[in-house]
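All chains are identified by letter, namely A, B, C, D, E and F, in their written order; residue positions are counted from 1 within each chain.
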Amino acid sequence: MTGPLALFRRDLRLALRHGSDALAVVAFFAFSAVLFAFAIGPEQLGGVAAGAAWVIALLSVLLSLDRLFQADYEDGSLDQLALAPAPLAAFVVAKLAAHWLATAIPLLFAVPAIALLLRLDHDALGALLVSLALGTPTLVILGAIGAALTLGARRGSVLQALLVLPLEVPVLVFGAGAAFGDPETIETAVTVLGAMLMAALAVGPAAISAALRAALS
Amino acid sequence: MSEFEGTDVSVPRGERLVLANLRFCLARGEVLVLRGANGAGKSTLLRVMAGLVRPQSGTVMWRGRGIFAEADAHRARLRYLGHNDGLKAALTARENLEFAASLDESASLDKTSSFNESGSLDKISLGVVEDALARWGLARIAETPTRWLSAGQRRRTALARLSLAPRALWLLDEPASVLDAEGVERLSEAVGVHAASGGIAVVAAHGAVALRGAREMTIVTPEGGTAGASP
Amino acid sequence: MATRNLHRFANPARFMRLAGAALPWCAGATAVLFAAGLYLAILASPPDYQQGETVRIMYVHVPAAWMALFVYVSIAAASLAAIVWRHPLAELYAKAASPIGAIFTLLALVTGSLWGQPMWGTWWVWDARLTSVLVLFFLYLGHIALMDAFDDTARGARAAAILALVGVVNVPVIKFSVDWWHTLHQPASVLRLDGPAIHPSMLAPLLVMAAAFTSFGALVVILRLETEIARRRARRLAAEGAGG
Amino acid sequence: MTPKRRRLTLALVALVMLACAAALMLRALERNIVFFVTPTELAAENSRINQRVRLGGLVEEGSVLRSADAPGAAFFVTDGVARVGVSYSGILPDLFREGQGVVVEGVLGMDGVFVADRVLAKHDETYMPPEVAEALKRAGQWRGAEPAP
Amino acid sequence: MTGPLALFRRDLRLALRHGSDALAVVAFFAFSAVLFAFAIGPEQLGGVAAGAAWVIALLSVLLSLDRLFQADYEDGSLDQLALAPAPLAAFVVAKLAAHWLATAIPLLFAVPAIALLLRLDHDALGALLVSLALGTPTLVILGAIGAALTLGARRGSVLQALLVLPLEVPVLVFGAGAAFGDPETIETAVTVLGAMLMAALAVGPAAISAALRAALS
Amino acid sequence: MSEFEGTDVSVPRGERLVLANLRFCLARGEVLVLRGANGAGKSTLLRVMAGLVRPQSGTVMWRGRGIFAEADAHRARLRYLGHNDGLKAALTARENLEFAASLDESASLDKTSSFNESGSLDKISLGVVEDALARWGLARIAETPTRWLSAGQRRRTALARLSLAPRALWLLDEPASVLDAEGVERLSEAVGVHAASGGIAVVAAHGAVALRGAREMTIVTPEGGTAGASP
């Protein structure tokens, strides 16, 4: 499994060196939170802050996903990955893990600051962090399915949004639910998010690698 | 004895067949130069040989076993270089090769490997990478991001992957296209050594090629939906 | 040479001979079943003890919802066949069936909404059943869009097949959402463990209508399959003609 | 051999994950993810006061008070254990009647009165002609509308 | 001026055919609005809808800007543009106009539908439309300066791009102000937005074409 | 008489000079083939000649006037083809050429143009595009998005820009690299016609080139920071 590990390291390095995508996600997140705080005003913020934070986080994570495989596809790297001895699904997992680490982790670090800005209380912050930590990997996997399916398609990214939207809504509903609710709903929601992540992990890599092979053929 | 052979290979692209009932047959140590007009289907055939494109009909076999049935084994025995170099512009030539080397390692550990003397994985691949860089004349620019390299330097970096580990089958799509004379020299030497040690190479090329003992096959642009190959 | 080119459609051609024979029967069955079903549903069945005459929406809503699910499952099965065995007909079937499935889904959504307004007091709520059916509708749309988003039809078919398989998770969610969650939508009346909770006088028209919807679906799928195969053949011939 | 075994392992891992997913889902479902809360649940949580909630249950028999000149009504919603008083001033759906399932949307005030701004009727899976319903009632086999599970 | 006009038409055509970036913006916009409706729940939506809609719209417009020149740079088209007889600044204006048309106009058309979804009232919708119509071109120009500076990204220009970002905040603040406030603040805000647009138009194209030439040399 | 000349051209790349004190001098109707090892600086020199890269020192002049001082005029007289084709993958070959043709039109109206007989702009460019497609053997694939074309077909589309309007100066960076024999034939014919009508062409190339009457210039890879050119 050195191959996938190497891909993981390479993608992280690209994210750090090039910086554009990974940092853009956090910048986008912070930026939108500030805008939100401005646009909505402190009085009304309380009730909706957690939900808003979730939506913003989701949008930020989605942001760079539509080009997840594009660069590798265009410069021929994807050919090399598809022809490497390790199974393509393993490379997919490595790539998604690197993407998640490079985007979601900085985002999680930014969340407390954002929470302050949006006047989230302590419990809500905890719930938000937990639900984001559990929900974002699922979002990444689902988005990657869309990205792989639409690789080389006409109107790729619109199509991707169309494909991914219905699949991601449930994640958001439970994620936001967890961030909002009382302890008991939080526990339920967290369990459901966990279940969704497991299911996405079980189905995602195989589906993605099948879609990538189709794109290359 | 034929090591690698294809029979009746047909591949549609868009609405028409680009390759129709094509056959090829390669023995150990053989070098095949693919020729044909632009758009004849050379690149397509190479991708079929690599197992990237599955033909609509026909079979492609390695030692009598279908390459699509044994896709993993086939991937582990080949090295493919397409029109695109497959390099990351932000990484240096060395980093790109290190990455390529670690892609192989899972394979080279499974199989008999030519560099299993000792040392940690990292050390092994470092030595190999250093070697490949030197062999393709890249030592002096190894630390420059490939974004800044000239077209030929980038192509050499892509070709240097050939020197990372021995593979039984090389599939090269116009490898010499932006190389200078010295680069072509290195390439033909590398192919020669590869063939001499029993490897098979399929090379798409236009113009003259300096590959000794190479057999040529011309892919004919299909007329009226029929394509064929004249060996 | 020519036979080899047609190899891909040899199998569908044989199938289409069978389908061609089945077509008139299908058309006849559809006409008879619809006539009987509509008569039973509109004239010969009683009003409900609670809902009154509004209950007649059921005779469209429920068969449409069933067909929406059934067609999706069949597409997923065909997609599996297309991916694993590369069966040429499977891919064609998926392409032919998915717009029909989408229309049935839309019909279920619209009739459900129309029914919800008088019965529940709202056109729409975001409960688990309704949301998951909406997701199904979007999946159908995505499937259709993906099919012809590529210049290469084979590529579109593969992508769509993968999507169809991924989307299968949604089917049990739709079916069991009413049991798993507190939904506004009612639990199952017909397909439930302790027998139908619908009086036979209303169940009979419902089942006849369901049969009518099914044979109508089959009819349209066969027609679409025929046109699709003819079109592909024509395009292939045209491409070969242009080549020569 | 090796690749085959690897594919098998991958398939097994996927299966195990799916099993985990199912197990987690079932665990979550024990708690019943809610479109609405029941009166008992509402009573157990004071935290819900002054927040918007959806409350589901049956309209208690004999509890409905309507005023002659305005739409709307006041009634109790019950799940057989607890009950909550609801006031509503909008138009009621056709199916709204005593003993029938409803979902009301609104805010529970400090005084314990639930002020609804939306009332949705919920009905069960039973369909029959009116005569049959009558007959069943007369025969004493009427199960009546049950609260939703 | 046929050259710039041709570029304008080509980019619009690419946007429609490929859809990749332009239509994605609208998809993203609709997508986020739906997500918002889900995450916050219809009950609490009323008070925050206008602000949310505005933030989402702005984010959508910003979305594809960072890759505005990337594709042309990588495939060699930018070389051809820089060597065409007409001045590069004219091509830049054409490109930005096409981008704005392909993203902001569909977005403006989508706004009423979204307003319905988010239950916005009539006045807020009007103010939102006006402020977006005036504010988005400025955002596009400022974003394009950043994109041109980061092209070929040596670290220095990333820094420069970071300097451009704060320029966008005032636009956002006044835009949001216009969409929210009473008629009088709206008038002020609209005037300020207009002034900003003029300034951006005066400085932007020259700055952008200089940055592009630097990236190509 | 020298039409296009450069003196003492020095260009730094990264930390070192890629071109140092290079000079060139071209008369009307002359074809110059640039030779040199990979990374010697051929592409860099072509970009200097195009006015894309401004040398650190030295002058580049057309009829005695600096090309950077008269950048607009210089751009209007040249046609540049780099390593990248500069095509949009989503557009067909015809659409790509139509776009290239309309980029020129503002120029061809200003200058004396070879097709100023009559008709609307659109009609003119349509005829020109049709012509260029035919001349490069692209008629049959004109309606396919260039994404699906083979490498050589794409290169031909890029080259077809040369036939859209007469330009005094052609700068071609390894134009023959993925062309088949027939493509190379068309190319050398086009360059021949261009030179015969008084045009200048600078062509970077490796290997043999079939350009009649071409002068060669080799760019020497700088050793120890010094670069030169042997004419």
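Criterion: a residue touches a chain if its C-beta (ideal position, glycine included) is under 8 Å from a C-beta of that chain, and two chains touch if they have at least 3 such contacts.
Predicted model only: the values in this text are computed from it and were never measured.
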Both-way neighbours, i.e. chains that touch chain D and touch chain B: A, C
Chain separated most widely from chain B, comparing mean CA positions: D
Pair exhibiting more inter-chain C-beta contacts, E-F or A-C: E-F
Chain A and chain D: spacing of chain centres that average the CA atoms, whole Å: 34
Where chain B and chain E are represented by their mean Cα positions, the distance between them in whole Å: 45
Chain C: positions in contact with at least two other chains: 151, 242
Interface hub residues of chain A, defined as touching at least two other chains: 18, 87, 152, 154-156, 162, 165, 169, 173, 199, 203, 217
Chain D: positions in contact with at least two other chains: 6, 33-34
Of chain E, residues touching chain F in the complex: 1-3, 5-7, 10, 13-14, 17-18, 74-77, 79-87, 213, 216-217
Footprint of chain B on chain F - complex, ascending: 13-14, 36-40, 42-43, 83, 141, 144, 148-153, 155-156, 174, 177-184, 206-208
List of chain A residues in touch with chain E within their complex: 18-20, 24, 27-28, 31-32, 35-36, 38-41, 44, 47-48, 51-52, 54-55, 58-59, 63, 66-67, 154-158, 160-162, 165, 168-169, 172-173, 175-176
Complex interface listing, chain F residues touching chain E: 47, 50-54, 72, 75-76, 78, 80, 82-91, 95, 99-100, 102-107, 110, 121
List of chain A residues in touch with chain C within their complex: 145, 149-150, 152-156, 159, 162-163, 165-167, 169-170, 173, 199, 203, 207, 210-211, 214-215, 217
